[in-house]
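What follows is a pair of complexes built around chain A, which joins chain B in one and chain C in the other.
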Partner chain A sequence: MKGSSTALPLLFTMTGLLALCTGVVWLVLQPSLLATYHYNQYVIAATHLFVLGWICSVVMGTMYQLVPVALETKLYSEKLASVQFVFHVAGFVGMVWSFRVWHMTQLAHFGSTFAVGVGLFVYNMARTLRRAPRWNITATAVTAALVWLSLAVTAGLSIAAAKCDYASALESSPPALVAALLHGFQAAGGFVAHFDPVSAMHAHAHLGGVGCFTMLIVGVSYKLIPMFTLGELQSRRRAAWSIALLNIGLAGSFVTILLRSPLKPAFALTVVAALAVYGREIAAILRARKRRALDWGIKYFLTAIVLMLPMSVLAVVLSWPGLPLSTFTGQLENLYGFLGLIGVITLAIMGMLYKIIPFLVWFARYSRQIGRTRVPALADLYSARLQALGYWAYLAGLAATSGAIVLSNETGVRIGAGCLALGVATLALNVGKMLAHFFKPALRPSALPASLTPKTA
Partner chain B sequence: MTTNEITKETIIETLRQVVDPELGCNIVDLGLVYSVSITGKKVIVVMTLTTAGCPMHDSIRWGAQQALAILAGVEETQVQVVWDPPWRPSMMSEVGRNATGAGTF
Partner chain C sequence: MNNKTAIRLRKGAASNPAQVVEVDARGLEPPQPLVKILETLAALPAGAELRACTDRRPMHLYAQLEERGFAAATEEQSDGSFITHIRRL
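On to the complex of A and B.
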């Protein structure tokens, strides 16, 4: 049997988990991150730790494994993916540090390193998508997410470029290629400098958060939710509309946020409409499912989808042109970002990790034993009790932190982040249990009936 | 070494050792095995999976092949995965429905 390597997806996933653990501990230690306005170096550093370190790492690792499987093809290049891992880790670690100390020149260096990694990732995925024998709604969503990811990185680099000084670097007569890059950055930075920096940052964040990650949640769940619940997509048309509306709404939102346009609510409502159509299709899939019991992994994921509702209300409120620029509004913006990244996206990923990591471990450890001996099922690799404890702790953390953010209360944020940390710790413990199968496999002799004789009997 | 008499029943019973790790149920009771044909010491199994693009595709097919390959009396095995007719939950046996929590149809 030939299968793609699971080592690299696991490496990406473990990197992501490490970043998530670091991120929640950071929130506990520095609750002011969420209790004060977000346009400062610490919040931007922590946000990039969550987005690039946690979300991007896991998303990229699992896409290398699952996109080829879901589209019935093979990954274009595993070697390229390994090279990307190096650029990815060096890039995001350096970026978080550069933001933390607010060193814009180093940020440009590490941002470029990260961007090279993203370029390799997008190229590898695009070549993989081109090989797909059949095109479906998931492939469309993955393609859109890759485009938005590329734009998010380009926008981020341009925002960083606007804060850099090029005079000294250009005066030192660098090699032609470096000089060309510097001129490119200077031009991009000069263009971005025409816009309000906070608006540019918000527009950039939406490209990544909605364009890449929400798009992937929507597109991938049309494949995974039916697969895990023994159901099927109920309406291809509805699924297609959700993806189309999300793309239109995001394109419009990006421009209107950047320009502080009064048309912002129209496009925010378009995104909300996309999510409403998506929610309706997921509800229809669930109603028609044959596997009645929902496991905790699916419950995490579905809770993330439910959290899109308060997110949508906040999005519309915050897009309103007449909204006063008060401290309270700033805290609502914090809540919006928090619910988006730590609520919807993180909870959805945690749920899917309870499907993906057992699969990666099982595939690497047991796929060659199946049929010869009795191998454990995926659900046997971790503790459902820990999963349930983690679910409730995480939900309590989201609720407590959300309340504390609105009230600008640091103690409340610390308590809420503590609950989030407990939720993340249960995931880490369960991941440890899963990885333990590499060292202590749970194999049992085959239960072949006595009437059947194996060749070696 | 004893040699089994290879019958369709022995093959089906052997395939019950292959469990879909996501659903926690064997491939026979899941209704994934469409046909078994035996020609001398060659066994051909035609089966499907619950969904096209299932991440366990290769593993389950490999498992079925391995389970049969170790049976005395079997010298050649061929496991073909087909998508037509597509699998439906109603193809599960009562054991399969209970194992997956699918209930009745």
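On to the complex of A and C.
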């Protein structure tokens, strides 16, 4: 059985890291992105850089590696994944630029390009899931995440479609397929135009942030946390309930956010309940683990789970019917988005990257040498000191930026973003140390134990 | 469960004279099971079979075995662990 390539996950991951670095530098240079209300072209552009450029890139790349392993099967098509990468990068770069200059027609073009990439990704993952010899909770979560991702992209395209004008394009008598697509966009845009644009944007954001990313964090961690802490899932029933409640809560949240319904808190609380059940299961896994020491990768990830607590409080507060629209509540919305994307999701991903990237590099560079020469351990590929520095810098950045957002203080946001940038820089430096092994491998002569040394007759 | 890797040599029955080397790679964080199995494989006597016990199906192992000229068959055990029988091609 030919092994899956590590090059493609690494390519996606490096793209994601580049987007993350660009994003935090952008926050340092333009702190008004977070210190003022988020419904403007620059904030939307920066948000999509973080969501599509950073989070989506890393999530997709690592899923190409992790999902087949977790489901004990092979990726359906590496070629398709390579093609998707091209659409993905062209799509998200073009979208971020289009948002920034608020060019809706180009946004529709690049959004469609990105959507083609997502379609290829979803198809590839779906075919891989079909091959799985056995179904488990992770497979259920991945399937749900793919559905929500598809809906999030559809919603995003529809929101963009509502802002476009089709008259000139249709008057030019385009080919039948293009005309059909244009009519489709026009219809979708016409439908979305019935809803409040800010509510539509918030609903779209929840489909992606909660439906896709949070669902994956929950589902995949049920496999990875036991693996890395030498533990086991303690209660399949509890894990299943967390996924079920997350799906129900998100479906209800999407509709109630879109319709600005007074039932919003009910579904926000359902999502909170899902995360509470998830937290209980993770705590149970950790209590029963055999590996007592927790490395920094796991610490990053567990901190992300802890951050779900203030996020949950914010979610319930912001969902409350009749909440007055004010500068303060606007900033609370900024804080919610910031803590969700840059806090919970980014910290969780950073933690998992500290487990995944060393393995990808190590496997690509050293797996053929095992048993022939002495190969370094995974921990030898990076610096634990940099991890620790990065952890504290990033936490300080989250705290400082959060306070500054609430106070609408640009200087505070700049300082906080600077700390975030330092945290990200340590990750980038560590990744550089890992990648250096491709060029300067650390191989030493083999020293098998005497008991394994072949005895001559 | 013994978290330390245990290596035992056992002679087969008279009807199956192949030597069997057993490796217990359970209780190890990835990629240590892979490393342990391949290091043991490097010193496997000619004609012997390696029987590796792991917590999970060793998905990353198969390509490495194929490259080294070995075939493998994995069975899931009732306790959720896996035993992989590895022989030279």
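We take it that the second predicted complex is superposed on the first by the 446 of 457 C-alpha atoms of A that agree within 3 Å, B and C clash if a C-alpha of one lies under 4 Å from a C-alpha of the other, contacts with A are read in each partner's own complex, and residues count from 1 in each chain.
Following the convention adopted for this analysis, a residue touches a chain if its C-beta (ideal position, glycine included) is under 8 Å from a C-beta of that chain, and two chains touch if they have at least 3 such contacts.
These figures come from a predicted structure and were not determined experimentally.
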| task | Based on the superposed arrangement, let me know which partner A:311 touches: chain B (first), chain C (second), both, or neither? | result | neither
| task | Have a look at where A:108 lands relative to chain B and chain C in the superposition and call it first, second, both or neither. | result | neither
| field | Comparing the two partners chain B and chain C, which touches a greater set of residues in chain A | value | B
| message | Contact-wise, after the overlay, does A:378 reach chain B, chain C, both or neither (first, second, both, neither)? | response | both
| said: By the touch definition at the top of the document, which applies to A:8: first (chain B), second (chain C), both, or neither? | reply: neither
| field | Partner chain in contact with A:146 - chain B first, chain C second, else both or neither | value | neither
| said: Contacts for A:359 in the overlay, against chain B (first) and chain C (second): which applies, first, second, both or neither? | reply: both
| So, does A:292 touch the first partner chain B, the second partner chain C, both, or neither? | first
| query | Which partner does A:225 reach: the first (chain B), the second (chain C), both, or neither? | reply | neither
| field | Footprint overlap on chain A, where chain B in one structure and chain C in the other make contact | value | 1-3, 69, 72, 227-228, 230, 290-291, 359, 362-363, 367-368, 370-372, 375, 378, 446, 448, 451-454
| Where on chain A is chain C touching in the complex? | 1-3, 68-69, 72, 227-228, 230, 290-291, 359, 362-363, 367-368, 370-372, 375, 378, 446, 448, 451-454
| chain B partner contacts - residues on chain A that touch it in the complex | 1-3, 65-66, 69-72, 223, 226-228, 230, 290-293, 359, 362-363, 366-368, 370-372, 374-379, 446-449, 451-457
| task | Quick one: which bits of chain C touch chain A in the complex? Just the residue numbers, please. | result | 3, 7, 27-31, 34-35, 38-43, 45, 56-57, 59-60, 62-64, 66-67
| said: With touch defined as at the start, can you tell me which chain B residues reach chain A in the complex? | reply: 1-4, 10, 13-14, 17-19, 21-24, 50-68, 70-72, 89, 100-103, 105
